[in-house]
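Structures for review follow.
In what comes next, chain A is part of two complexes: it sits with chain B in the first one and with chain C in the second one.
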Partner chain A sequence: MGNLNVKFGLRDMFLDGVRPVHELAGCVFLNEHRVEIDAQGLKHKELNDLLRKTLLEGITKITVRNVYGQRYIGTRLYRPDPEKKAEITIYRNPGNDLGAFLDGHRIVVYGNAQDGVGNTMDGGEIIVHGRAGDIVAMSMRGGKIMIRDNVGYRAAIHMKEYPGKVPVLVIGGTAQDFFGEYMAGGIVLLLGLNLKENERHKAHYIGTGMHGGVIYLRGRVEEYQLGKEVGVRELDDRDWEIVQRYVGEFSAHFGFSADKILKGKFQKLLPVSKRPYGKIYAY
Partner chain B sequence: MYSYLLPEFVVERREERCIRCRVCERQCANGVHSYDAERDQMWAAEQACVGCQRCAVFCPTQALTVRPHPAEYRPNSSWTREKLQDLKKQAETGGVILTGSGNDKPYRIYWDHLVLNASQVTNPSIDPLREPMELKTFLGRKPDTLKIVLHGEDVRIESELYPNIPVATPIVFSAMSYGAISYQAFKSLAMAAKEYGTLFNTGEGGLPAAMRQDYGKNAIVQCASGRFGVDPEYLNCAAAIEIKIGQGAKPGIGGHLPGEKVSENISVTRMIPQGTDALSPAPQHDIYSIEDLSMLIYALKEATNYEKPVSVKIAAVHNVAAIASGMVRAGADIIAIDGLRGGTGAAPKIIRDNVGIPIELALAAVDQRLREEGIRHKCSILAAGGIRCSADVVKAVALGADAVYIGTSALVAMGCTLCQKCYTGKCNWGICTQDPYLAKRLNPEIASQRLINLLRGWSHEIKEMLGGMGINAIESLRGNREHLRGVGLAEWELNVLGVKGAGE
Partner chain C sequence: MRVKTSWRSERLLPAKDHEACGLFGVMDITGRRFGGEMAINAIKNIKVRGNGLGGGFAVYGLYPEHKDYYALHIMFQNKSVEAKEKVEDFLVEHFNVVYDEEIPTDPQVNLFCPPLVWRYFVAPKKKGEEHSLPDDDYVVSRVMHINTGIEDAYVFSSGKDMGVFKGVGFPEEIAAYFLLDRLYEGYLWTVHSRFPTNTPGWWGGAHPFSILDWTVVHNGEISSYGTNRRFLEMHDYYCTLYTDTEVMAYAVDLLMRRQGLPIEVVAKIFAPPMWDLIEYMEEKEKKLYTALRMVYAPLLINGPFTVIVARHSEMFGLTDRIRLRPITAGAKGNLVFLSSEEAAIRCVCPDLDLAWTPRGGEPVVVRLHSQDHLLSLNQSV
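Our next item is the complex of A and B:
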């Protein structure tokens, strides 16, 4: 209650009552070259303070247990030095904006993730052994995200790429509406592994406003589920190479059979124009 | 070219003065002027003229006059010439009519109905030429209380302080992206901000990597709905970060930078493929509520180790005071409010001219609301949209602003003549274009000096006005409405502004 502004009842839900790092020593265990953090009862900022301190001390292997909704894990680990990249293993369920603005680190989650996984992520890897919420990979610009199960609404929204930097998102299950909306770049695989035989994907408005990048979609999807800026194509040899590579990586992470996944029917979704709204104006 | 339109401008050439030097022809990107060698005569294709005055200014013999075309339809107060011309354009194309720069419609400009006070007899005025006068302003959240501990000579502040950025004068360049304006214009703003000790705003087009080291400390970097050019280095090199929710010229809608403007350099800076449209969605898709705004504010604070103030920019709309209160509660350190007359590089005209409310009313309402709620100190307020002179700055500060954003004024200082054709990419003044031939007309060394001169001139005028009121620091004027009186305003307007009528 120390910083609580009692007079006006304005409480900063992020910063009020945050304990300084030296008071949190009881949550940190050094185990050979790996640091273990018990996140039980830690606030967002407290956990991220500990992660930053650990990385600045030169320890890159970090395990975090008992994570219950703490936000922004990995966000405050930007270092101009490209050498020191962390490997963070998370047990239970991290909160919103996991790996937002992530700068090349690797995060593995044994549990479900919430909204905003990899929001505006710049590089690195996020692997979720579970499901994820809305806007996965929103505006993601580099790196790789793999989600074993389903994702929520607006996944892959506005992902983008430019020469030398192409983000990759692989989703094992299915996605909700507005999947790939406004997509401007990157590679997305939607595998539909938990759909029943011949059951269609859940999303409507797939790729609406899409003007770059590519979606490889495995399983059944009806034309009315697609946005009007999207065209459907068969995969060519180069596409198969990409699909095989990422399905292979995905299967290795989560213990699936890549061959079995690759036997499914894949379609390639592409934007019909790089300029979907180029003709709506009078000059 | 449209078939049923009257030309907007008439180009008059005084033949006895014209020396056929063809400067006008070379200066005009719209192809108005041409030379007929057979007759040794210059011609003007008036229907292409946008009235930017480049040719008239550069004509060495002052042979040219460009003025609005006198041709008129039958006078009609309801069906004006502009309305008729727009109808014909849309009948021909079926498109949304685009325009550039700020709202040009005759909405009441409240600055022109507010007058300032001066000291007479009962208190002395101050002469800024000989007495100290402080314009330095700190942008960012202030603590609830300030606890100071004295140890002999040593004074220590015990309270936790939040990041604040000092600016030498309460004038900041508002968001204009590289892409909307040329690299030369963008760099001129950066150079002037650095030299004068104030800030420029990158807009949402990113900050070229080559400029980060030299100009990052004077940059407010934007994180907007398109998230163009946002990487951890971009966020960390800046003085402050701004979440752009809205813009005064086009509240509630997104933006499209057309693919033909996404050149190689812009592609790298915005981090998108060359030639694709850069689409900024209307909402930020991770913000559907005040709670979500809070989430992004703290994501940005996390991404920058809580070292930088985070600003949130909105367009002035009907419930602006309540929205601003929510923004402060969400953790915004600076709130920027852009009014009805705020400029743009491209916006649908119907939005620009009809959506939003004047900045003066919005600013007064926000300041009043935050004071009533006891949270005014938790943020700085930046007022934007139609600040035309130093008196507008002083009046804005008296209505509660910490500082103002200037966009159009800065462009005009660099050469802009408000022809409103920014969206065509054919700016003859080299400001709002990506054509290298046109852009190189703007020399950053010269343009930045013009901007510095503007800041210096305005700052001096502000000091004179403050001195006249008997005030020696801009801090003392903030929200000090006793120094304002309204002229020709209705009761409700005076109430919203929180000022008395003149003579009261």
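Our next item is the complex of A and C:
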């Protein structure tokens, strides 16, 4: 082994071979005031460069087709002018970190999303007509995410909020373990619409390390599925207002009956401490 | 040693390293054999999960014309003729070699320091007391001898009717180098991108790792490597490839072939339920999981991992119990897929019937002529 040469020509998989935007004109079709992009075979950066260029040219309605795993869609699209927010429609299968750092734009996905939807998203909307992978809404700090079906592990991990800026995550299906882990703020609704009558939610360790924000959970969950840092409360009038509002929006997007959803049993999960690990790490 | 003098790119990796391993596996549960296009295109789709320092394929149903013989894929580091002579002397002494040839490669594909890779189709030549030894055990001990005792020679794979092709490069380059898309068919393909964690990239150290017809591709890091390795050494498995994933291949051979445990139980040894969840189980389950955790504690695989383990007629995907690495399963007709990302499956099979995310620690078991993979749906989302 000692004689092995381990010096290699390391290559950058993200940036090697990325074509400049002007060479990608063949993938872009202008249709009235809407731009269509065919993402087949585009690298992550190429697609995002095209989106950025389109938006800077003043076109805000964009459809992207044949997306197979391209990452970071919707990031790097900062526009200070609120009227110039884009509406990006995505067909197929956007890659990881969809809408990372999203700056007020609206992304609609017809298909399944992968891991890291809305990572550190700042504002805007992400609507997924399908399911999503792990760490949905990680560190999200503003805006709205709605997922029609299930989500993977650690949804809403370390979501946060500020005065006047509260992120919202609505999940139509159920979630896997560590749902709401280390949550520091924001509003999360887990509706469990695809669970059978009286079937309990699948997640364990719900709200482990949670120290801010609120989870409204519809359907059955056992005490042992909850993290030690979470308490269960009944909903008060203000809670119902919030739940009705977002269930209404959710139903409008995906064609569900809000009344039917609201008939289910809701519970409110709250952190019992603002500093759950204060005793461990403070000295 | 040849030193490469020109680099394809001058660019160095960014200071923060974004890649993670890419895994993909596809199996036709009717046993129909197909070419490598799906595996190659899928792993190309998740290229950013690799870094060009390792790629490899395992193919089952590969050598139907020699399916009764152990197919040894052996690499000779630095194209060492001396190592090859030693290996061949050893093989002739312990096996009947029915056929051997250099594995064809495409010289146009420029890779870092390729070794000589040769394949031998062999049958055990047992003497005296060895006749009481099962063939598989006989082969394992001889493979261990080559790996540990003969310098510059390493066995890529040693199963029947299957083979591993791997090396330093992007997986699609390895595929082109070994002409995988042109020469071979199989009913089960697994593929890996990137290089073994904490290991210098070298040809023997690329995934898949294999013993007999077991192969393992792995994303993550096995932090229990030391404990696992010492336990396996007590059972005559010696780790020689300088990387963590190797223990997984030997562990499945020990548990499944020698001890006869089913995949479903082995998955619970590698990724056992947490103690605080065992407490809430039914009495019978509680007993089983407690016993497994006690008896097989040294084979608990700690640290983040996703693996796809394969052997003849089955493959299974498994993540660590708190799912620190991703996996997605998909199915369309007779094809069942396992992958690091759903996009990789969709790009080779856009109209999937089913796509699901298994629960951490819960295996997706894909078997020939069965629908067992659907069992993991219950626990999944």
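By definition in this document, the second predicted complex is superposed on the first by the 267 of 283 C-alpha atoms of A that agree within 3 Å, B and C clash if a C-alpha of one lies under 4 Å from a C-alpha of the other, contacts with A are read in each partner's own complex, and residues count from 1 in each chain.
The rule is short, and it goes like this: a contact is a pair of C-beta atoms (placed from the backbone, for glycine too) under 8 Å apart; a residue touches a chain by one contact, two chains touch by 3 or more.
Everything numeric in this text was worked out from a predicted model, so none of it was measured.
**Q** Given the touch rule stated above, what does A:Tyr224 touch, chain B (first), chain C (second), both, or neither?
**A** So A:Tyr224 only meets chain C here.
**Q** Check the residue A:Arg71 against both partner chains and state whether it touches chain B (first), chain C (second), both, or neither.
**A** It touches chain B and chain C both.
**Q** For A:Asn119 in the superposed arrangement: first (chain B), second (chain C), both or neither?
**A** First partner only, chain B.
**Q** Between chain B (first) and chain C (second), which, if any, makes contact with A:Ala25: first, second, both or neither?
**A** A:Ala25 contacts neither chain B nor chain C.
**Q** Now for A:His204: first (chain B), second (chain C), both, or neither, which partner does it touch?
**A** Only chain C; A:His204 stays clear of chain B.
**Q** Looking at A:Asn96, would you say it contacts chain B, chain C, both, or neither? Reply first, second, both or neither.
**A** In the superposition, A:Asn96 contacts both chain B and chain C.
**Q** Give the label of whichever partner, chain B or chain C, reaches more residues of chain A.
**A** B
**Q** Mind working out whether A:Gly152 is in touch with chain B, chain C, both or neither, as first, second, both or neither?
**A** Touch partner of A:Gly152: chain C, not chain B.
**Q** Can you pull the chain A residues that chain B and chain C both touch?
**A** Residues 3, 5, 7-8, 10, 12-14, 44, 71, 96, 115 of chain A touch both chain B and chain C.
**Q** Spell out the residues on chain A that touch chain C in their complex, using ranges where they run on.
**A** By the definition above, chain A touches chain C via 1, 3-16, 44, 68-69, 71, 92-93, 95-96, 112, 114-115, 131, 133-134, 149-153, 173-178, 202, 204, 222, 224.
**Q** Mind listing the chain B positions that touch chain A in their complex?
**A** It comes out as residues 89-90, 92-98, 144, 160, 223, 226-228, 230-233, 235-236, 256, 258-259, 267-268, 271-273, 275-277, 279, 281, 285-286, 294-295, 298-299, 302-303, 305, 329, 331, 348, 373-375, 378, 423-424.
**Q** Going by the contact rule set out above, which residues of chain C touch chain A in the complex?
**A** Counting only chain C, the residues touching chain A are 1, 3-4, 7-9, 11-14, 18-19, 45-48, 50-53, 112-113, 168, 200-202, 242, 276-277, 280, 322-323, 326, 328, 341-344, 346-347, 350, 355, 357, 359-360, 379, 381.
**Q** Would you mind writing out the residues of chain A in touch with chain B in their complex?
**A** Per the stated touch rule, the residues are 3, 5, 7-8, 10, 12-14, 44-45, 48, 52, 71-72, 75-76, 78, 80, 96-97, 100-101, 103, 115-116, 119-120, 122, 135, 138-139, 141, 154, 157-158, 160-163, 165, 181-182, 184-185, 209, 211-212, 274-283.
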